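The same chain A turns up in both complexes below, where it pairs with chain B and then with chain C.
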Partner chain A sequence: MKKILTQCKKELIQFRRDRLTVALAYFLPTLAIILYGFATRLEAKNIPVTVRNYDIGFYSREYIHTLFNNGQMVSVPWSGTKDTDPLDLGKARAVIIIPPDFSRDIRNNHSASVQVLVDATDVNNARVIKNSIIATSQYFLRSGAMEQQKNLIVPQVRLWFNPGRKESLSVAPGSIAVFLWIFPCLLSTLCISREKEQGTVLQLYASSITSFELMAGKALAYLLIGISQAIVLIGSSCILFQLSFVGNGLVFALATILFLASSVCFGLLGGSRTNSQSAAVQLVATTGFTTSLLLSGFLYPQRNILFPLSLLSNILPARYYVEACRNFFVRGSGFFDQFYILVALGLAALLIFNGARKVMSKMQLSS
Partner chain B sequence: MDYAIQLKALIRKELRQIFRDRELLFLLLFMPVMQITLYSFALSPEVEHLRLGVIDYSNSTTSRELIGNLVSNMVFDLKDAGANEDQLANKVKGGKLEAGMIIPPELQRHLKSGNATKVQIFLDGVDANTAGIAGGYISQILAAFNNKLQSGSQSPKSAVQPKVTYLYNSGLESRWFFVPGVLALVLNLVSTLVSSAAVVREKDTGTLEQLLMTPVSSFQILAAKVIPLSAVLMVNVLISLFVAVVFYGVPFRGNFFLFMAVSFLAIIVGISIGIALAAYSANQRQSLLTSFFINLPVIQLSGALSPIESMPQFWQDLSCLDPLRYYVTCVKAIMLKGVGFQAIWPNVVILAVFAIVFLSLSSARFRKQLA
Partner chain C sequence: MTQVPVVQVLDLKKNYGETQVLKGVSFSIYPGEIFGIVGPDGAGKTSAFHMLGGILDATSGDITVLGKKPRDTRLEIGYLTQLFSLYLDLSINENIEYVAGLRQVSKNDLKERRDKYLKLMDLDRFSNRLAGQLSGGMKQKLALCCALIARPKLLLLDEPTTGVDPVSRREFWDLLASITQEGVTVAVATPYMDEAERCHRLILLHEGSIQDEGRPQELKDNLNLKRLELRSNDLEKLSNRLHTSIDKAQAHFTDIQEFGDRLDVLTDNLNIAQSIIQKESVGLDLSISAQEPTLENVFVSKLKNAEVKETTARFPFVQKGAPSNSTAIKAEHVYKEFGSFAAVKDVSLQIDYGHIYGLLGANGAGKTTTIKMLCGLLQPSKGQMSLGGEKGNLRSALLRKKLGYMSQKFTLYDDLTILENLEFYCGVYCVPQDLRSKRLNWVLENTGLLGEENRLTGNLPGGWKQRLSFGAAVLHQPEVLFLDEPTSGVDPLARRQMWQLIRDFARQGTAILVTTHFLEEAEHCSELGFMVAGELVAQGAPGKIKAEQPGSLIELRFKDNQAAYNMLKTKLDSWRVSIFADAVHLVLDHPDIELESIIENCNSQGIECFSSRRLPFSLEDAFIGIVKRQSTANAEASAA
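Take a look at the complex of A and B:
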């Protein structure tokens, strides 16, 4: 036990001495969360739309007015020669073409058709644009006093947890999870590969310390650093994105510690498998970045991940911690609903730690 | 004459070094394949199979038909809702359902008397984007259902019927959105990493000083780094393009040579960033770690993963300084829209300016260090 604590103390002193690493530990995560939290928006607002109106009647003007009324789309002037020109040039995301007989059709109680061309290169927003235009058309039909009909079924749609549909509420907790995976494991991988690169690991082999004590000491030191990173990261995102704690604090605290432990151990594992610092950083950073960014459900729902990869996604600690963050900051789930998160994270931390210890003990000469 | 021979010799040396380095080759060949595969399988903005729980107190033909209409287009999957509202609410709170609907008992009675019935629907808003689109679907489905209720069995008639055509990606394949972006992103990452490694390695091992003792000029050293690297990276572009088009069926509708020319500019930008990184840092570890500070914003603001138009204004302005943004725009325009130079020339020109400025700045810094 004493050996573990000494090892831990030594790591903390070494960490404090290296200024680039300290900057990496606190400055970079904060920068990253500002960048992701503010700049990651999936749903477009102010979508540029251009209208080509061949109709000179009253109803088409009224229809255009309704289209741009809800503020989701902004009108851009028509330019070019072909209908698709504004889309080709990237000036507009959709072109709405109103035929010459639009007003006449409506006046005669026929249905008037409108052609809508949507730039579908951004699939998500193509859907948003279509929905918005269809909804406006339905609304126009009602507000235009065309068919005075009453709806028999009135849906009362409520959005729970995030009634204003603020995207920062889903992006910021997710980013906390992503960055609390990437940065702690980056630091711990640097520490173990530095020992290897500088050859000091040989002195450790020659000493009486066992691989378990060595790894536990290092893991403990970087877990402490990870906790301080978590405090900085969560604190700054609470201030920046006005997050508040709505969930069960105990579950979240436990989940955070287990998650950090598995991240730190993953870094140790990566560091002990590779031979140089740059290789270790590349290994840990690429696998960490791609998996936690892509397979955790941070950007798009986790259930959308296709079959072979969805299996992989389910063994990733980040996938569970994203859930835990959203529960704690937005959803406010209770203790028992989240029990599986704690189990999964605890298992992950144990397995990864054991893997790292084994790799390290293989390298040691048997006594 | 001497000049050309020296340069040739240096280039041969660089090429040998590149091909000898297994890790580097692995990075060059494997990265694009792996990344494109991962992104195209993992990211999907599809809004479907949301888990819906229904408490149906009305239990009538109308209510069952309403549920059927909601479920029939794959947006919602009907799941166990529990016995009452409280259980349903708890399931949504625990993240077991994404949507809940409560149909009141008086539905059938109100329909007969012509009164309106309120149906309560709640959506899990944690994923704001999905909730927004799902909400849109619900109101569309219910509006159609209302129309059907009123006009009897006749097909619903509405005043304005928008006929929506999706251009460039009519099947709404989300892969087509991500793959071109990832292609650009990987090229940027790889070219930065590889070029900074090539320069900083000479520094680490001290062979840079030996090179300086020889009669070659610093310009030749730099040119000998840039030329073979850009050639190898062009091959990398071809591999990525092959994977995207052949394996993942992303269309390539534009001009191939325009694409390669634009990619060359992007490669020069990437290499310049790499050289600058190497010139400013003392060893490989430092250059690697510093690259995080640069690559993170470059990738995030490029529009490869999330659309630029939806960012707040400040970040949109900032993204104008991101060279990758212009390359991403070009790749998407050439591959998906199939447009020519006249449609994307502003982007190409800006990219070229970035390439020239970055290359001259980084080489100036590199040469100053050598002097």
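Take a look at the complex of A and C:
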């Protein structure tokens, strides 16, 4: 135990010495969450759209008015030689062409057609634009003078948990999970690969410290650092995004600690597997970042992940912690509903720690 | 010896894949001795130490340390690794505390031992300074302190003085002597022959097998040879005559070796050899002095027995018109500052065509910065420089074509074959087509790689790569050649051959600037400069520097050398006294007056002195004298 504490103390002193690392350890996650929270917009807003109106009647003007009424689209004046020029030049994301007999057809109860060209280079937004225009058209038909097409079923949609559809409420908790995975493990991976790169590890081999004591000491030190990172990160995102705590605090605190532990151990595992700092950082950053970003349910809902990958997603600690974050900040679930999260995170931390310990278990040079 | 050995090694072998780095090595180390494992880089020293320290498994063979397997005695072994294994971002105290924690030293012991060792090593004033801010010599002492904190019975030191300045090196070995007095057994690996002299016993290791074993004096005596130092006004002529005109066996010449300003002849019959040399040197100004052979002589003669004879082919030189100016490199009062740090201060030097200039100094003394400025890679902050007759633009393409540069880490491309590498450099340096094949052959012949030119360069041992990159650097017959530590990792035989080549180039009129931290090697230079903390503290021919030393070096043998050393240290400036395996060396300015009273003083205190004799100064002695005298003078000046 004394050796573990010796090791832990040394790591903390070293960490504190390196001003740049300290600054980055707290500044980078905060910066990243600001970028994610403010800049990531999954929802489309202010989409530039050009309308070519060849009709001169009342209904076309009314229709255009409705299109731009909800603020989702903004009108961009047409310019150029062809109808589709704004699309080609990237000035508009969609061009709507209203034919000359639009108003007449509607007045005569004929079906009127409107041509909509959507820029689908961004598939996601293209779909949003398409749906939005269809919905607007239907609304226009219902609310206008056309009483003849009554809809029989009227869906009453309600948005739960995030009634104002506040984007930050969905992005911020997920980002917390992603960054609390990446940054602590980046620091811990350096602390072991640096010893290997600089040869100080020989001193450890030559002393009688065991792999368990070494790893536990390092993990403890970086867990403490990770907790302080978590406090800074969660604190700053609460202020920036006006998050409020609605879930069970105890379960969230436990989940955070277990999650940080598994992140730190993951870094140690990566560091003990590689022989240089740069290789360790690449390994940990790439695997950690891609998996936690793509497979954790942060960007895409869990159910969208296809079969073989969905298995992988289920063993990712980040997947459980994303859930824990959303429970705590958005959903407000109780203790026992989330018990499985604690079990999964605890198990992950133990397994990864054991893996790291095993890699170094010989505590000597490989022949 | 009837003592139980501390370390016993039996038929130790180590393979890494196909390469065998240790080929069945056996030796024993006895309590209280300083045991040296001496050999060039790549001889297998570090692998042997890893296994002694219990951090590497042997392929086969048996190691017993203190009666157990090394892995089970780790807490009783202090291990100082090559890179010192210090945490540069921790302070001196924190480093020591950390190691003490790992090695389960109690709080009280820690405090007591830390105070004692820091004081002994003169580090106690800096206990809160970060290890990264210490000089090389201080780092090395701190590492020793860390290794000693757990009171080990056996101390393993793997090349502890690499990159450390001579003064600190000397102090370090004095410390080791006092440590063995406390009952610690020391095993030390070193590539330096002068350090080998300070071991009680040593083995000479080469390519994984032991070439010789014994006490330094014993090894030199067993050689049964005498060494004649010849100095002359025309060394080249003398050397040619000795080499070509006489039958070496008849003249009893075992070996002839050329240095910067002298020739060494080894002989088994002093009288015959001397008279033949006298006869051959008619018309030349000659001085002969007979000396003991050096350990280097021992090593080389052992290797010569073991290996096929070296061959040195001559470089296919092209006659070039003599340069209009005789000065190749000139620097006048050059300074280089990085921010507030002055890396080079007021350096003036001049190198003529046909000369070999050696730039010496510890790591961080400013050698590399100086060489970078001299070859035009770095702009000096202040001062005048000229290179190959150019003053202004030192980076012009025309000028660069006349330069050759072999950098410390100059690596050939590992994934190209030997031939592809050489052809690449031929192309880069624009070697004329008609000369290419001749010169490529020359490189291959001298590296002993003829017929293997399609091997991948990455698979070659370090020493061969080094010779190959030397070959690549001189393919275009440069007029000015910069060599940054060209012989690191090269064994003594190959090193000799390389110096032969370097000399060949100098004779053809190439100006050569060499940096090295082997002081012994500086003897090969015709002129040298010694740098300390950015300043050139001494310049001149090796013989001149040694001859200019005031006073003399005296070897005293006592019944109890350690006691005599401790006593003398209180009487004289501490740098004047140093302890060797079986003797104490003194530097006295006026030996005729001082020596008698010193010996009397010792005898009266019950420390009996057996013998005293004068020794020639080594370059190391000379430099330590220069540095110490200067710092004393500086201290006096600032006090006044």
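By our rule, the second predicted complex is superposed on the first by the 353 of 367 C-alpha atoms of A that agree within 3 Å, B and C clash if a C-alpha of one lies under 4 Å from a C-alpha of the other, contacts with A are read in each partner's own complex, and residues count from 1 in each chain.
In this section, contacts are C-beta pairs under 8 Å (C-beta built on N, C-alpha and C of every residue); 3 or more make two chains touch, one makes a residue touch a chain.
As the structure is a computational prediction, the values presented were derived from the model and not from experiment.
> So in the superposed three-chain picture, is A:D337 touching just chain B, just chain C, both, or none of them (first/second/both/neither)?
A:D337 contacts chain B only, not chain C.
> Taking the superposition on A as described, I'd like to know which of chain B and chain C A:T200 touches: first, second, both or neither.
In the superposed model, A:T200 contacts chain C only, not chain B.
> With both structures fitted on chain A, tell me whether chain B or chain C touches more of chain A's residues.
B
> Return first, second, both or neither, reflecting whether A:R19 touches chain B, chain C, both chains, or no partner chain.
The answer is neither, since A:R19 touches no partner chain.
> By the touch definition at the top of the document, which applies to A:K3: first (chain B), second (chain C), both, or neither?
The answer is second: A:K3 touches chain C but not chain B.
> Answer with first, second, both or neither: which of chain B and chain C does A:S208 touch in the superposed model?
It touches chain C, and chain B stays clear.
> For the complex, give me every residue of chain C touching chain A.
On the chain C side, the touching residues are 14, 16, 50, 53-57, 59, 71, 74-75, 77, 79, 81-83, 85-87, 89-90, 94, 97-99, 101-104, 130, 146.
> Using the touch definition up top, name the residues of chain A that touch chain B in the complex.
Listed in rising order, the residues of chain A that touch chain B are 20-21, 24, 28, 31-32, 35-36, 38-48, 63, 84, 87-90, 93, 96, 106, 111-128, 130-135, 137-138, 140-141, 144, 146-147, 149-163, 165-167, 169-170, 190, 277-279, 281-282, 285-286, 290, 294-295, 299-301, 303-306, 308-309, 313, 323, 326-327, 330-334, 337-338.
> Chain C touches which residues of chain A in the complex?
Listed in rising order, the residues are 2-3, 5-7, 9-10, 13-14, 17-18, 198-200, 202-209, 363-365, 367.
> Which bits of chain B are touching chain A when the two form their complex?
23, 27, 31, 35, 38-39, 41-47, 49, 66, 90, 92-96, 107, 110-111, 114, 116-133, 135-140, 142-143, 145-146, 149-150, 157-170, 172-174, 176-177, 193, 197, 284-286, 288-289, 292-293, 296-297, 300-301, 305-307, 309-312, 314-315, 319, 329, 332-333, 336-337, 339, 343
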